[in-house]
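You will see subunit A twice below: alongside subunit B first, and alongside subunit C after that.
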Partner chain A sequence: MSQILRSKELNLIAMFLAFLAVFVPYFVNVPALDVFSTKLITITAITTAFTLLLAIYSQFRRGFDFVRRKPRGWIFKVYMMTAILLMLLFALGGLETGPYHWVMYAIITPLSSVNYGILAFYLASTCARAFKARNTKSILLILTSLIMLFYQAPFTGVYVNLGPLGIYLADTFVMAAGRMFLISVTVGAIVFGVRVLLGQEPSVLGIGREE
Partner chain B sequence: MGLLLDIAVFVIVYYYLKSGKIPYVRRVAGLDAIEEAVGRSAEMGKPVMSTIGIDGFNYWTLAALTILDHVARDCAKKGCRILVPTGGSDSSYIVRPVAEEIVKNAYKLEGKEEDYRPEDLPFLSGQQYAYTGGVVGIIQRTKPGACIMVGGHHSEAMNIAETSNMAGALTITSGTYMGNVAVLACASDYILIGEETPAAGAYLSKDPAQRASIRCQDIYKGISIALIILGTIVLNFGSNFFIQLLSS
Partner chain C sequence: MMSVLKHFAEYDRRIVYLALFLVVTIMLMTPIGLPISVSPSTMQYYDVLEALGPDDRILAVLNTEFSGYMEIQSGIIASIRVMVEKEAKICIAVAHPEATGIPELVLSAIKSTMDEHQYTYGEDYVVLGYVFPNEASVASAAQDWHGAIHNDFYGNSIEGTFLDEINDWSDWTLISDYTTGIQTTALINHFGLRGAPMIVNGIGVEISILAPYLDTGIYKALLQSMRGGAELEYLTGHPGPGMTAMDAFTIGHYLMILLIVIGNIGYFGYTRNAGRNVE
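And then the complex of A and B:
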């Protein structure tokens, strides 16, 4: 049974039917198909929600393995598993507005913000490495970046009106490159989708490609 | 119009897959570097880190999974350890089992099932920055030889790419979002831009028919360019024919 369910053919047929159920209502107005399509999306959302259990299982399996082997920092795994259990208990006990929110707003959100803030330093270190005037192209790149920098973050008290130039660069070169990127990605995604539907990309179903 | 274009793309891809004609496909440095990255890591005795993004199932994630398949196969073949941290968002839960299955299958297909280590595929967190902290920590501790970061990565992409760079790993990334492309191009050794990521599965495949299907992308890009030029000319003559045609 498991072999049949995991077979490439069955997976492809199921995928193709699901594709038709969602794709056709975009172009053809069949109310029954619309309802079916909505139901299918709801079923997918519910199935996705169940994968949360798999995630928790995975965390505990890895956590217990760490604690058993006791490598450096194993105590953090104990904290993590305790935190998961506590959050589960708070949520199941109807304490979402109390301790659950406290953990979210007092611990998780500030820590995430710190991580986000660190981005500025990463960006600065990348820029320092990238913006070296090695040739004409990189000099042009530096000049453009300086114009955009002064346009976005002008020095207080020093009035250099780079607004029109910054807007011109953003509205012409940046927008043109952005649209080129979007067209290229869209075309790539459509062709990729067709290859998936034709069974040429079995790995997306978790089935390895025979070579 | 959209339906017609979709049907046409279906027919063209099918034609190229069946015809076996091998059209010219330009070299993609980022994809060619994947093999080099795994070989380099294997020689150095270091692991390869391959991430698939933090999104749920969208085309970036699916394309990343096809790349993961190739990387995992190559790692299994060359006896190189592969680290695949997953997570980063609520929708990433559903991608994880597929990623796990792909890596497991890759080792199985290479006849090295005993080398597969489930603990190298940790689910880090459903929170974006907790996941980022986890990935960055793994990079700093394991010092991978290569970091192949593809799929839907958002603001955390920079943290991962720059840490990977600092750890001395060969960094291959994909510019998923327009805002990410510029910074990732600076932070990575190789970057996949635009349609290069979705085309990776076919490009990395040794099958000529698969590679030929990429040709369809070039045809559609050509049509897009022609429409842009024609549209600009026609619009300047006061006609909105192409606007009406494409919005139908």
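And then the complex of A and C:
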């Protein structure tokens, strides 16, 4: 039985039927199919939410393995596992007050903010070093960046109206790059989806290696 | 002269760190209140908010971590304040575990406005917590709201709240997305593309990815990063964290320009000549 359930063909058929159940109602108005599709999506949402438990299990399994082998930095794994357990425990005591609330606002908030804030220093340093007028392309890049930096600084607009130029750059070159990125990602996702449905990406189903 | 040019070309990166740290810290601690200009995109965003009324139901999605919140908090606070002033009904949903702590910060920042308009939990606003962990959950909420969501963040049933009037995506007047990019595509796919009006407040690096959706009409308006938030604060007449940060924002931008210019003076005055001499 387990061999049948693990078979590539059966998995692909199940996936293809699930795909049709969600895809077809977008184009055909059949109420019964719509209800089935909605239920299927809700079941998927709830099932995938439970992957959080799987993630916690994996983290602990990997963490215990680290602690047993004691490679460099193993103590951080102990810290991580303790933090997960404590937060689970704290959350049971209430979310609005108490230890959970304190950890959220006194530890997670500042750490997360600092993590993001220090990026500004790296960006500034990289920007100052990389933007050198070595050739025509880099000169164009620097000119554009200078215009955009002046345009984005709110004070500039009070005295110099760079708005039309900034909007022109945003609506043409930036928009073109943005669209190209979105179209590439979307086409890539469609191609990947078709490959999955054709059984050319079996690793998605966990039934083999990627071809 | 050559030593100065050499210094311009090869200065220690820690000088950049120190200069930026000093500029930002000094400007945040002693703001001088530089005037700011309001961009057309913020005006467009403000017009959408201004058109709201008591019959409107808004799904505000915090698609951000705490880190990203620091950049768009001014936009979030200013937007939700206008929604409260317009007495629209607001449901706050979250798409990242860290963001479960954000609604409390936002609601406490606009407490006086909420008290003024007698906002009541359940009747006028609901906080859902982490209900959008993945695309399937967004799709599910768009198609069958009550099939997907039963409780609020505090573990209470959502029955008896204004959410009783919501069945699917079409019952929302507005989807207001505050994003670093987590479930934004899912919201577009399952709410925006079906026809639910959407507005968005995104971090700086997301703007070029979000802008095409403004062009296609999926987004009714786009509020750009912290600067947009500050402009919205200015328009609504409630100065907050955005306007406080604008001095540092402006001077930080000018510092970047100065560093680029200095780097290029060093490049042409020293690095390039040194290269020629070696050849």
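Just so it is clear, the second predicted complex is superposed on the first by the 181 of 211 C-alpha atoms of A that agree within 3 Å, B and C clash if a C-alpha of one lies under 4 Å from a C-alpha of the other, contacts with A are read in each partner's own complex, and residues count from 1 in each chain.
In this section, contacts are C-beta pairs under 8 Å (C-beta built on N, C-alpha and C of every residue); 3 or more make two chains touch, one makes a residue touch a chain.
Worth saying up front: this structure is predicted, and the values here are computed from it rather than measured.
Chemist: Name the contact category of A:A55: first (subunit B only), second (subunit C only), both, or neither.
Modeler: The first partner, subunit B, only.
Chemist: Go through the superposed model and pick first if A:R129 touches only subunit B, second if only subunit C, both, or neither.
Modeler: So A:R129 meets both subunit B and subunit C here.
Chemist: Quick one: classify A:T144 as touching subunit B (first), subunit C (second), both or neither.
Modeler: Touch partners of A:T144: none, neither subunit B nor subunit C.
Chemist: Applying the document's definition of touch, where does A:Q200 land relative to subunit B and subunit C: first, second, both, or neither?
Modeler: Only subunit B is touched by A:Q200; subunit C is not.
Chemist: Between subunit B and subunit C, whom does A:A170 touch in the aligned arrangement: first, second, both, or neither?
Modeler: In the superposition, A:A170 contacts subunit C only.
Chemist: Check whether A:F27 is in contact with subunit B, with subunit C, with both or with neither, and answer first, second, both or neither.
Modeler: first
Chemist: Please work out whether A:S184 is in contact with subunit B alone, subunit C alone, both, or neither, and reply first, second, both or neither.
Modeler: first
Chemist: Is A:D65 contacted by the first partner subunit B, the second partner subunit C, both or neither?
Modeler: After superposition on chain A, A:D65 lies in contact with subunit B alone.
Chemist: Between subunit B (first) and subunit C (second), which does A:P154 come into contact with in this model arrangement: first, second, both, or neither?
Modeler: The second partner, subunit C, only.
Chemist: Identify the residues of subunit A that lie in both the subunit B contact region and the subunit C contact region.
Modeler: Dual-contact residues (subunit A): 48, 52, 108, 112, 115-116, 125, 127, 129, 178, 181-182.
Chemist: Applying the document's contact rule, which stretches of subunit B touch subunit A when the two form their complex?
Modeler: Within the complex, subunit B contacts subunit A at residues 2-3, 6, 9-10, 13-14, 17, 56, 59, 62-63, 65-66, 68-69, 73, 87, 90-91, 93-94, 96-98, 101-102, 105-106, 108-109, 118-119, 122-123, 126-130, 132-133, 155-156, 158-159, 162-163, 165, 175, 178, 181, 183, 186-187, 193-199, 201-202, 205-206, 210, 213-214, 216-217, 220-221, 224.
Chemist: Hey, which residues of subunit A end up touching subunit B in the complex?
Modeler: Touch list, subunit A to subunit B: 26-27, 47-48, 51-52, 54-55, 58-59, 61-62, 65, 108, 111-112, 115-116, 118-119, 122-123, 125-127, 129-130, 178, 180-185, 187-198, 200-201, 203-211.
Chemist: If we count contacts the way the header does, which residues on subunit A are in touch with subunit C in the complex?
Modeler: The contact residues of subunit A facing subunit C are 37-39, 41-42, 44-45, 48-49, 52, 95-96, 104-105, 108-109, 112-113, 115-117, 120-121, 124-125, 127-129, 131-134, 142, 145-146, 149-150, 152-158, 163, 167, 170, 174-175, 177-179, 181-182.
Chemist: Given the complex with subunit A, which residues does subunit C contribute to the contact?
Modeler: 13, 16-17, 20-21, 24, 34-37, 39-40, 65-68, 70-71, 98, 100-101, 104, 133-134, 136-137, 139-141, 143-144, 147-148, 153-154, 208-209, 211-212, 215, 227, 230-231, 246, 249-250, 252-257, 259-260, 262-264, 267-268, 271
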